[in-house]
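See below for the structure under consideration.
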Amino acid sequence: MSLSTIGGLIMAWGCLIGAVLLDGGEMRAFVALSPAVLVFGGTFGAVMTGMTVEGIKSIPSRFAFVFMQKKIDLNATIATLCEMAVRSRRDGILTLEDDIEKITDPFMKKGFQMCVDGVDTDKLAEVMESEYATLKEGYKEGEEFFKQLGGFSPTLGIIGTVLGLIHMLANLENAESMGPAIAMAFIATMYGVSVANLVYLPLANKSKTLAQQELLLKRIIIQALIGIQSGVSPRLLEQSLQCYVHQHERKESEKVAKKA
Amino acid sequence: MSLSTIGGLIMAWGCLIGAVLLDGGEMRAFVALSPAVLVFGGTFGAVMTGMTVEGIKSIPSRFAFVFMQKKIDLNATIATLCEMAVRSRRDGILTLEDDIEKITDPFMKKGFQMCVDGVDTDKLAEVMESEYATLKEGYKEGEEFFKQLGGFSPTLGIIGTVLGLIHMLANLENAESMGPAIAMAFIATMYGVSVANLVYLPLANKSKTLAQQELLLKRIIIQALIGIQSGVSPRLLEQSLQCYVHQHERKESEKVAKKA
Amino acid sequence: MSLSTIGGLIMAWGCLIGAVLLDGGEMRAFVALSPAVLVFGGTFGAVMTGMTVEGIKSIPSRFAFVFMQKKIDLNATIATLCEMAVRSRRDGILTLEDDIEKITDPFMKKGFQMCVDGVDTDKLAEVMESEYATLKEGYKEGEEFFKQLGGFSPTLGIIGTVLGLIHMLANLENAESMGPAIAMAFIATMYGVSVANLVYLPLANKSKTLAQQELLLKRIIIQALIGIQSGVSPRLLEQSLQCYVHQHERKESEKVAKKA
Amino acid sequence: MSLSTIGGLIMAWGCLIGAVLLDGGEMRAFVALSPAVLVFGGTFGAVMTGMTVEGIKSIPSRFAFVFMQKKIDLNATIATLCEMAVRSRRDGILTLEDDIEKITDPFMKKGFQMCVDGVDTDKLAEVMESEYATLKEGYKEGEEFFKQLGGFSPTLGIIGTVLGLIHMLANLENAESMGPAIAMAFIATMYGVSVANLVYLPLANKSKTLAQQELLLKRIIIQALIGIQSGVSPRLLEQSLQCYVHQHERKESEKVAKKA
Amino acid sequence: MSLSTIGGLIMAWGCLIGAVLLDGGEMRAFVALSPAVLVFGGTFGAVMTGMTVEGIKSIPSRFAFVFMQKKIDLNATIATLCEMAVRSRRDGILTLEDDIEKITDPFMKKGFQMCVDGVDTDKLAEVMESEYATLKEGYKEGEEFFKQLGGFSPTLGIIGTVLGLIHMLANLENAESMGPAIAMAFIATMYGVSVANLVYLPLANKSKTLAQQELLLKRIIIQALIGIQSGVSPRLLEQSLQCYVHQHERKESEKVAKKA
C-alpha cells in the first residue's frame, strides 16, 4: 500500500473540500450527474479508443501498480547479489542453482538460470537488455495511460461547459435563471480540471517514479549478472553496484554492511 | 474490425449525447451548417496543404488502418519462427524455400527470400533495417495525419466563434437576439474541440498503438532472421524472441508451448 | 506547381468564406486596415529580428519551395542509379564520366565526380554526409521560418485585440458604440489565428514534407554512390535502394522494371 | 547563501507589491485563507501523490540546495588537480594517498581512492560514470520537483476560481455582492500563477543551473582522474581541463596561474 | 551592428504604433507606471532567481551579442585555412607558427598552437571538441536567458491584470469608473505579451541563429585542423570544408576562388 499516494490524494482533496467549506459553500452544490457522465465517461471513451483490447483489460493492473507499491530495498538486493558473487567465485557458478528456486522476481530468475545454463556473457547481456527494454516499454504505457486521462479530462470539461452555455444562451427566458445555468455549465470544467490535476496527472507521475525505481533495480541485476559471470571481484562489484544508489541512501547501506 | 476503437468512440459520443439529454437539451440545438463547413472543411484544407498529392490519396488507408485492425499474435509468430529455425538447422536453410510461398507478410517474405538466396548476414541485417525504418516512417506519417487534424480542428472552431462574435457585435440591434447569436458562435468551438478530442486525437493514439505492435512484430522477425542465418540454437532463439513479449502475455505462450 | 498546396489553401479559405456567407455575413465587415498592419507587419518584424540579412534575402525562395514543388520520382532515380551501377561494373567506373554532364542535381553531380576522381569510399561517404547535413539544416531553417510566422501571428492578434479593448474601455462614451468597437478589436485576433492556421502552419508542414522527400532522394543517392564505388552487385543494390520507398509505391516501380 | 536567489525573489515580489501600492491598492485586499489552503495545500498534495516516501523526506534538502548554494571554483579545482598530477608523475601515484584524507567531496574521494587502490582505467572510468549518472538523476529529480509545483499551482488556482464562480452564480441574490465575490474567486488564480512564476519555476531554473555547475565539476574530476592514472603530461591535462571553463572566466584562471 | 535585428524591431514596433494611430488612439493612453514596474521588474526578478551571480553579470554581454553581430565570412575563412594547408604541406607545419600571432579568434589560435606544438591528432580533436562543447553551452545559456524573459513576461502581465481586476471588483463604487479600471488592468497584459513577442523571443531566435553561425565556423576550423595535421591534400580539404556552406552561398565562394 503506497502511503504517499494515498496521503497525497487525501491532502489534495482535503484542501479542496476544506477551501469550499471555509468559504461557506456546500459540497452538494458541486454535485451534478450530467457533467460527471460527460467528463468521466467521455474521457474513458477517448482513451479506450486509442488502446487495444488487451490494453483495456490491463487497466486494473495500472491502478494496482500505483496504489500497491512494492517495497524496493536496493541495498538489500545489492547485499544479496554480492553474497552470490562471493559464493560463485569460491565454489563455482553452478552452486547458485539452489538459490534460483528462492528468487521471486522473474527477471532475476531468468538471468541466473541463463548464467547457470552457461550462456555466454554477450548473449546473456543481449537477452537481459531486451527484457529490460520490454519492461520499460510496459511501464511507459502505464504512465502514458494516466497522462492521456489527464490530457483528455480538462478538454471534456470544456466541451461540457460550452454545451451548457450554448444550451443556456439558446433558451434565454429570464435573466434570473442565467446564474444557476452558468454555474451548472462550469461544473463540467471544474470536474475535468480537478480530476486531471488531483488524480490522473499525479498518478502518471507516481507511475513514472515507481517505474524508475523498478528499472534501477533491474539495471543493478543486469550489472551484477555480467559481473558474476565474468568473475569480477565481489568487492569491485559492490563498489560498482553502489554507484546506482543515491549517496545519502548509500550511507545507511554501509552501516548495514558493517553490522554484517 | 477493431472492437476497442468502435467501442471507445461509441462510449465517448454516447456520454456526450447522454449528458445533453440528461440536462433536458435537444441535439437539434447543436446542429448547424455553417460551423460544420468551417470546422470540417477548413481543417481538411489546412491538413491537405501540408501533404503531397500521394499523401492525400492515402487518407482512406489511414482510416482503414485504425478501424480494420489486423490480429497480431506475437506468440504464434515466435512459434512459427522457432519451428523454421529447427528445420533450417536440421535440414539446411534451403528447405525453407517452400515456406516462403505461404508467407503473406511481404516484410517477412523478403527477409526469408534473402536468407535462401544466401545474402550474407550483415547485408541482410542492413536491408531489413532499412525496410523497418521505411515502415516506421510510414506509420509515423499516419499518426501525424491524425495529430494534425486534432491540432487544427480546435483552432478552426475558435476562428468560427470569433467570426460569429464579430458578426453579432457589428450588428447589435436588439439585446434579445444576442443570446442565440452567441450560442450559434459557440457551436463552432464545440465542433472543433469535440471532434478533435473524441475522434482525431484518439485515432492518432490508436494509430500509434497499432504501429508499435506491427513494428514489434517486425523487430522479432529481423531478430529471428539473423538468428536463423547465423545458426543460433532454436532454444536460445526462442528465449531471446520471447523477451520482446510482455511478461504476463508471455506466460500464455508457454502454456501453448507445453500443449504443443 | 504544387496542386495540393494550392488546392488545400483554396479549400480552407473557401470554407471560411462560405461559412461567413451561409451565416448571412458580408466579407466587408471583416476587412480593416489597422489590425492588418499590426498582425502582418508585426509578425514579419518579429520574425525578421531573429534572422540574418542573408536569411531575409532567402524569404522568396522559401515561398517558392513550397509552391513550386519539384516532381520527385524515386523509382525512376533508383532505375537510373542501378543502370549506372551495371555500366560501372561492366565497363569500369570511368565510363560514368560522360553521364556526369547530364546530371542536373548538384548533389548527385558532386558525388559522381568524386567517384570518377577516385576519392576513396570513406572520404566519399564523409563528404556526402556533410553535404546531406548542410542540406538538412537548410530545409530545417525553411520549416522554422514558417513555424515562427505561425507562432508570432496569433500573439500579435491578441496584442491587437487587447490594444483595441483598452482603447474602447478608456473612452466609454455611449454603450451603443461598444459593440462595433469590440468587434473591431476582435478582428485582429481573427486575422492572427486565421493566417497562422490556414497559411503559415500548413506551409510549415508542407515545407517539412517536401524536405523529407528531397532528403530521402539524397539518402538513396549516397547509398548508391557507396554501392557503385565498392562494386556491389546491381541486383543487391536495387534491393537495398528499394527499401527506402514505401511498399505500396514500390509495386509500381516493379511494373516499370518489367517493362524495361 | 545564494545572493542571486534571494535577490531575485526580493526584486520580483518587491515589484509586485510596489505595483499594487502604486495603484493605490492595499495588500490586505489580496489576503484570504480559503484560496491559500486550496492552492498551497492542493499543490503539495498533488506533487506528493507522485513521489515516494523517501522523496517526500528529501523535500527540505531540495530547498536547501537552491538557497544554500555552495561556492564552486572551477579554476581552483583544476589547479589542485594539476598539482596532484605533477606529484603523481614525479613521485608515483601512491603519494596521493595522504591527500585523499583532506578531500571533502565524496565523489572525488572515491575516485582517488580507486586510483590509489590500482583499479584499472576502464573500470575506474565505468564506476565514475555510473556515479555521475546517479548524481545527475538526483539533480534532475530536484528540478522536476520544483517544475511540478510550478505546473500544478496555476491549475489549482483556476480550480479555486471556478469553484468560487460556481458558488457565486448559484447563489445570486443581489448584484452588489457580485463584485467582491468575483474578486474573491480571482484571488485563487492570482495565488496560483504568482507563486508558480515568482517562486517555483525560478527555483526550478536555479536548481538546474546549480546542478549543471556541480556536474561540470564532476566531469572535470573524471577527466583528471583518467588523465592522472594514464600518466598524461600535466601541461596537456591542464589544457584539456580548461576547455570545460567558459573562455572569459578562464582568463582569470591564467592570471592566478601566473601568480602561482 | 546587426541591421536585421534593429530593422526587425523597428518594423515590429512601428507597425504596433502605426496600428494604434490609424485607429485614432493616442500612445499616451497605453503608458502607465505600475504595470511597467510589475512586468519588467518582476520578469527580471524571476529570471535572476534562476541565475548565478556570474550569470547576472554577463547579461550586458548577452545583449551585446545579439545587437553587435560579428561579420562571419565562411568562404574567406575556408580560403585562409586552405592556404595554410598548402603552406603546411609544402614547407612543414612549423611554418604556420608566424600566422598564429595574427589569428584573433582564440579558438582557432589554441588549435593551431597545439598543431605546431606537435600534439597528436586524437588529443587535438578531443581538446577542440571540448572547447566546442563549452562554447555551445555558453551560447545555449544566452538563448535560454532570452527565452526565460519571453516565458515569464506574459505570465507577469496576466498577474498584473488579475491584480487590477481584483482591485477594481473589490472597490466597485460606480459603474462609470469600471471601464477605465479594466483598461488599466489590461495594460499589464499588453506590456507582458508585447515585450515577450516583439523583443525577448525574437532576440532568443537571433541569439540561436548567430550561435549556429559561430558554431559552424568552429566546426569548419576543427575539420581543417585535423585535415592539416594529418596532411590531407588541400584540394580534398577544400571540398570537404565547402560542404558546410549552403549551396547557393557556396557559388560566390567559387567566383572568389577564381579571382585568386
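As written, the chain order gives the labels A, B, C, D and E, with residue 1 at the start of each chain.
To be clear about the criterion, a contact is a pair of C-beta atoms (placed from the backbone, for glycine too) under 8 Å apart; a residue touches a chain by one contact, two chains touch by 3 or more.
As the structure is a computational prediction, the values presented were derived from the model and not from experiment.
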Given subunit C and subunit E, the chains that contact each of them: none
Shortest contact path, subunit B to subunit E, counted in steps: 2
Subunit E against subunit D, contact positions shared by both copies (same if over half, else different): different
Rotation angle (°) superposing Cα atoms of subunit A on subunit E, nearest 5: 145
Euclidean distance of C-alpha centroids - subunit C vs subunit D, Å: 41
Mean-CA-position distance for subunit B and subunit A (Å): 25
Subunit B, residues touching no fewer than two other chains: none
Chains in cyclic order, anchored at subunit B, direction fixed by subunit C: B, C, E, D, A
Residue ranges of subunit B in contact with subunit A within the complex: 3-5, 7-16, 18-20, 22-23, 25, 29-30, 69, 176, 179-180, 182-183, 186-187, 189-190, 193-194, 196-198, 201-206, 208-210, 213, 236, 239-240, 243-249
Complex contact set, residues of subunit C against subunit E: 33-35, 37-38, 40-42, 44-56, 58, 61, 106, 114, 119, 123, 126-127, 130-131, 133-135, 137-138, 148, 152, 155-156, 158-160, 162-167, 169-170, 172, 184
